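Paired with chain B in one complex and with chain C in the other, chain A is shared by the two complexes that follow.
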Partner chain A sequence: MSHSSIDIVSPVAVPRTIRIDGSWVLLALIAIMALLPLVASPYVLLLMLPFVGYSIALFGFNLLFGTTGLLSFGHALFLGVGAYTAAVLTSKFGILSFEIILVAAAVISALVSVVIGGLCVRYTKIFFGMLTLAFGMLFHSFLFKFYAVTGGDQGMRVLRPLLLGMEWRGGKTAFLTGAFYYYALTLFALMGLTMWRITRSPFGLHLRAIRENAPKAAYVGVEVFRMRLAAFVISAVYGGIGGTILAVTTGLADPELAYWTHSGNLVFMAVLGGSGTFVGPAIGALVFVVLQDFVMALTQYWRFVMGAILVCLVIFMPQGLAGTIELLFSRRDREA
Partner chain B sequence: MTELVDVVLGGIFHAAVLFLVAAGLQLVFGVQKIVNLACGSFYALGAYFGITAVGIAIKLGMPPVLFFPVLIVAGLAIGLVGLPIERVLRTVYRRDESYQLLITFGFLLMFQDAFRYLWGATPRTMDNVYLAYGTAHFLGVRVPTYNLLVIAASLAIAAVLGLFLERTRIGRIVRATAENRDMAEGLGVNASRIFALVFTVGCMLGTVGGALVVPSGAASLDMAVELVVESFAVVVIGGLGSMRGALVGALIVGLMRAFSISLMPELEMLSVYLVVVAVLILRPAGLFGKATA
Partner chain C sequence: MQPQPVATAYAVPLFETINVSKAFGVFKALSDISFSVSDGEFVSIVGPNGAGKTTLVNVVTGLLRPTRGEVRFLGRDIAGIGPVELARLGMSRAFQLVNIFPALTVRETLAVAIASRLRRVSNPFRSLKRDGLLQADAERVAEVLGLRSKLDKVAFTLSQGEKKLLDIASAFALNPTVILLDEPTSGVSTGDKHAIMEVLVAAAKTAGARAIVQVEHDMDLVERYSHRIVALQAGSLLADMAPAAFFADPAMTAAVVGTRPRL
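For the complex of A and B:
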């Protein structure tokens, strides 16, 4: 599998031709998204919001999965943490400022993930996956059963937040496709570019070294446990922020957000786009959201279609969409 | 006292069924090193198919008393879907385990809608047949005889499975393949045939489990995804790949659930996950697992 888009830049001479790497694709995606409201219908714009939420969560997820090589099967837990933070702050405490909600979601996710990560990252492979799944389900059954605190299966309402301290009037759709759309897009850009910096930093290099060979990395001085924990915490913060966007979009925080099949969907998106590339997971989120919407409109048996797509994907295109395109390009380069 | 016996019996009944599914999961993991997320779907498949099979049998004029063997045969028969699924899984044996996990997740999604298509979204029950065997008195408690039959059947299956793996020639070959596939192949074992056999048997354990549980409850779309986590809990507590672990893990999870439901319903699954987390922290390989992590 090729990882060229997330390899660090070599300090040698900058190549004269502009290489199309992950950051360019990300910028192009942001530009298209910014212009989208000029042409697209509110329906399409509403579809873009979950995409933005999932992409942010997936940037974090893939720092763990693609970069560090740890497959979490309980990452939806942090979507739940973010969503319920938004719900509790807006409907129980009357705190409507979205900036405060974001900070709170990030801080709570970080705190939760330090505890969970501290226990989980000592294990790798299937053990890590099962342990994260157990914690995810632990959180889910807490949300589901403690009706008085969490609203049980009914979930909790998420009220319309203030953006930059300002109140936004108008209908729900107008708010979501207008001010909130651009706000979410700005967050997407900031979080995406930050993650680009993180993966290309020495820290990112440490994580890749751990993925390739943890004992060897430890031998040359990488603090494996601390680095894995740091990656886990960062991915949790991304998950929490993604979760608040999802919650504001639907206006509801419900336990299904933290259910293990939702974690499975996150893995699905990452692999669909290509977890070996930087923008792959974001592209995976886009394709997943659009595809699911499309298939749901066609048939009520959309899960069957999505499942079949997943099976075919794993068998025939394990590099995902972005990875396959990258492979095609690199093959052409070699031939040229 | 009678209350205690009641709760314990309920827990053991649940454990008996849970053991079958978890044993399937263990067998497949032990030999093929694949964690099969679709094991819950096999369980649900057995349950739905069991209802249909008993319905047909009764329509053909079979006395309701015979429904127990009908369920077992139905479970074994539908378990054969494991064969075609193994053919597809075969393509990813040499891949990274995240892909193997994901492909079984794909199967789970597909099964979910297949059930919805074939049997509808509303839960299906097998109303009156359950009591065809009457009730028995056990330490002063009235229990449906059927529950005791299921517990006995589960123990019998555990014994047969143990004898098969420990005492027969094929069982030895299966264990050798689990230990070292390449070496076994070098000695002339047809590993792909063994894999097909193991996966199908694993699948049958799940479908029989589902078929046996359905008379006392209902077949619903949720049962697949819910049971996956429970059987995960069993194998994590017992240790991945260990049959003895599956037995003990199933008992722990079954009793844990029964007790928390009667004492503090909010803790139903929470208590199970807490045990899982505690085991993973204290004994990461599980109670009977090999010390690898």
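For the complex of A and C:
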């Protein structure tokens, strides 16, 4: 028998490689969230709003951290900018249109980030982290001390906004779990898919090249400073928009929103979900919000429990939840 | 065998250094170095360790600003202009030590340089995957450098020789006018050195490079591929001559390579 038949490819089923595509996970998350009001209680839906706010902020945060390699310890500053923009516009100027609030939050966050980013992105690693932390603390001090302007430790009220120019009647819970829930979810979908596109563009590729090896990137024509600044500004815009959702949800813009521990929470969520994946930070935000609510109901020492979880996570699952799932799938594929 | 020119030769220098000096505090790394590179030339910079070769390349590529003197590229003073502007003007560089983007694939590594050249980054919503011109260009460069089959491999999983080629390929992906290679075959087995050099010369022609400047220790490669040798010693210019004249002078080889000890 001729051995030539050995080379003929037999129609044996090749094991399919399962790849977790971030955009599909995002779409699945959006679909689940859209159907959630059909089955979930108002309490659960109210819990989902901070998740949406944090997720939007984290899409931006992770463009800076996971994609560009710059870890900000002061990113809650932009949550504060968004929240106080909503508070000032609704309480002081009587502007209730949520679309105007969103645009204003985005523009003010961008302007603030150009100034702060212009100084911070000249540095990397711990120096970048410390500088962003310092700016975050400066902003928190401003919010805390300038009582006449910001309401100090009392914060500022955020009035119920008009959505698409329409006034939504009913109680606060009905508004938040009804129209505002779907509005926030639509924003989450739009901002998430936009970020997906950004990370898959030549611009996103240049950011990844900077994260990997900035000096080499410069020699192949990557404008390192401008790219880092652009990533910082985009992440700030996402932070500002996330902040407005958080503020409307609580009805309050509070200095604690810009406090350094809140920036730490953002880092926690990104690490928890997995900053190396696209949807990881959003999953981190979901798990964080649910876990925090659960642990707070159990014990007053909830910070201790959350800290212990973070320690275990960094030691045993450095890739985070999404990263670990991806790793398990790829191992299974290799074994197959 | 006389090496073939990289491109059609013209008399006008592509770039030149004019009395370039570079000092680090009291230490003079370079003293009054003047040399030029013309169209079609393959120039090798040689010298013993510490002669100032890499400092010269760093000055020429804008990483270091000379303490004194001028560096001119296509008639323009480029002293200290920085790597991004230099790449835009048409000079690219590969490094002595392997310098890659470890987590990017070969295709993505090449796409970084091509996106810079094609100015694709101003629109953050443009799809990288659906950019036919960019993808085709990445495949073309990979083909020329022998990395076609590795296009979707992550850079850190490549062999040392392949990483070296990838580093060089990303410099070629800029379609440079002049390419500077700092020890392009360092860390590569002796058997692979000539193969890499052949690939380099072919790639230069394909990419439209008008000159190659390399820093090299391997005198066999220098003799075989160079049109001209610029020799440095203790930061000063020792010689600027054709390979035949250089290797015919025992004083030159002794200064650069050293002499065989008498037993």
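Just so we're on the same page, the second predicted complex is superposed on the first by the 316 of 336 C-alpha atoms of A that agree within 3 Å, B and C clash if a C-alpha of one lies under 4 Å from a C-alpha of the other, contacts with A are read in each partner's own complex, and residues count from 1 in each chain.
To be clear about the criterion, a contact is a pair of C-beta atoms (placed from the backbone, for glycine too) under 8 Å apart; a residue touches a chain by one contact, two chains touch by 3 or more.
Source: prediction; values computed, not measured.
Visitor: Could you tell me whether chain B and chain C fit or clash when both sit on chain A in the superposition?
Guide: Verdict on chain A: chain B and chain C fit.
Visitor: What is the contact status of A:K145 with respect to chain B (first) and chain C (second): first, second, both, or neither?
Guide: first
Visitor: Kindly classify A:F98 by the partners it touches after superposition: chain B alone (first), chain C alone (second), both, or neither?
Guide: Touch status of A:F98: no partner.
Visitor: Under the stated touch criterion, which partner chain does A:F268 make contact with: chain B (first), chain C (second), both, or neither?
Guide: It touches chain B, and chain C stays clear.
Visitor: Where does A:A218 make contact in the superposed view: on chain B (first), on chain C (second), on both, or on neither?
Guide: second
Visitor: For A:S201, using the defined touch cut-off, is the partner it touches chain B, chain C, both, or neither? Pick first, second, both or neither.
Guide: second
Visitor: Applying the document's definition of touch, where does A:M130 land relative to chain B and chain C: first, second, both, or neither?
Guide: Only chain B is touched by A:M130; chain C is not.
Visitor: Just to be sure I read the superposition right, which of the two partners does A:F73 touch: chain B = first, chain C = second, or both, or neither?
Guide: first
Visitor: Check the contacts made with chain A and report whether chain B or chain C touches more of its residues.
Guide: B
Visitor: Quick one: minimum Cα-Cα distance, chain B versus chain C, in the superposed arrangement, integer Å.
Guide: Least C-alpha distance: 15 Å.
Visitor: Across the two complexes, what residues of chain A are contacted by chain B and by chain C?
Guide: none
Visitor: Taking the touch rule as given, give the residues of chain A at its contact with chain C in the complex, in rising order.
Guide: Of all residues in chain A, those touching chain C are 194, 197-198, 200-206, 208-209, 212-213, 215-224, 227, 230, 234.
Visitor: Taking the complex as given, what residues does chain A use to touch chain B?
Guide: The contact residues of chain A facing chain B are 65, 71, 73, 119, 122-123, 125-127, 129-131, 133-135, 137-138, 141-142, 145-146, 259-261, 264, 267-268, 271, 300-304, 306-311, 314-315, 318.
Visitor: Which chain C residues qualify as touching chain A in the complex?
Guide: Its residues touching chain A are 61, 82-84, 86-88, 92-93, 95, 99-104, 108-109, 111-113, 115-117, 120-129, 131, 134, 167, 170-171, 173-174.
Visitor: Under the stated contact criterion, what part of chain B meets chain A in this complex?
Guide: Interface residues on chain B, with respect to chain A: 35, 37, 88, 91-92, 95, 97-99, 101-103, 105-114, 116-117, 225, 228-229, 232-233, 236, 240, 265-270, 273-274, 276-277, 280-281, 284, 293.
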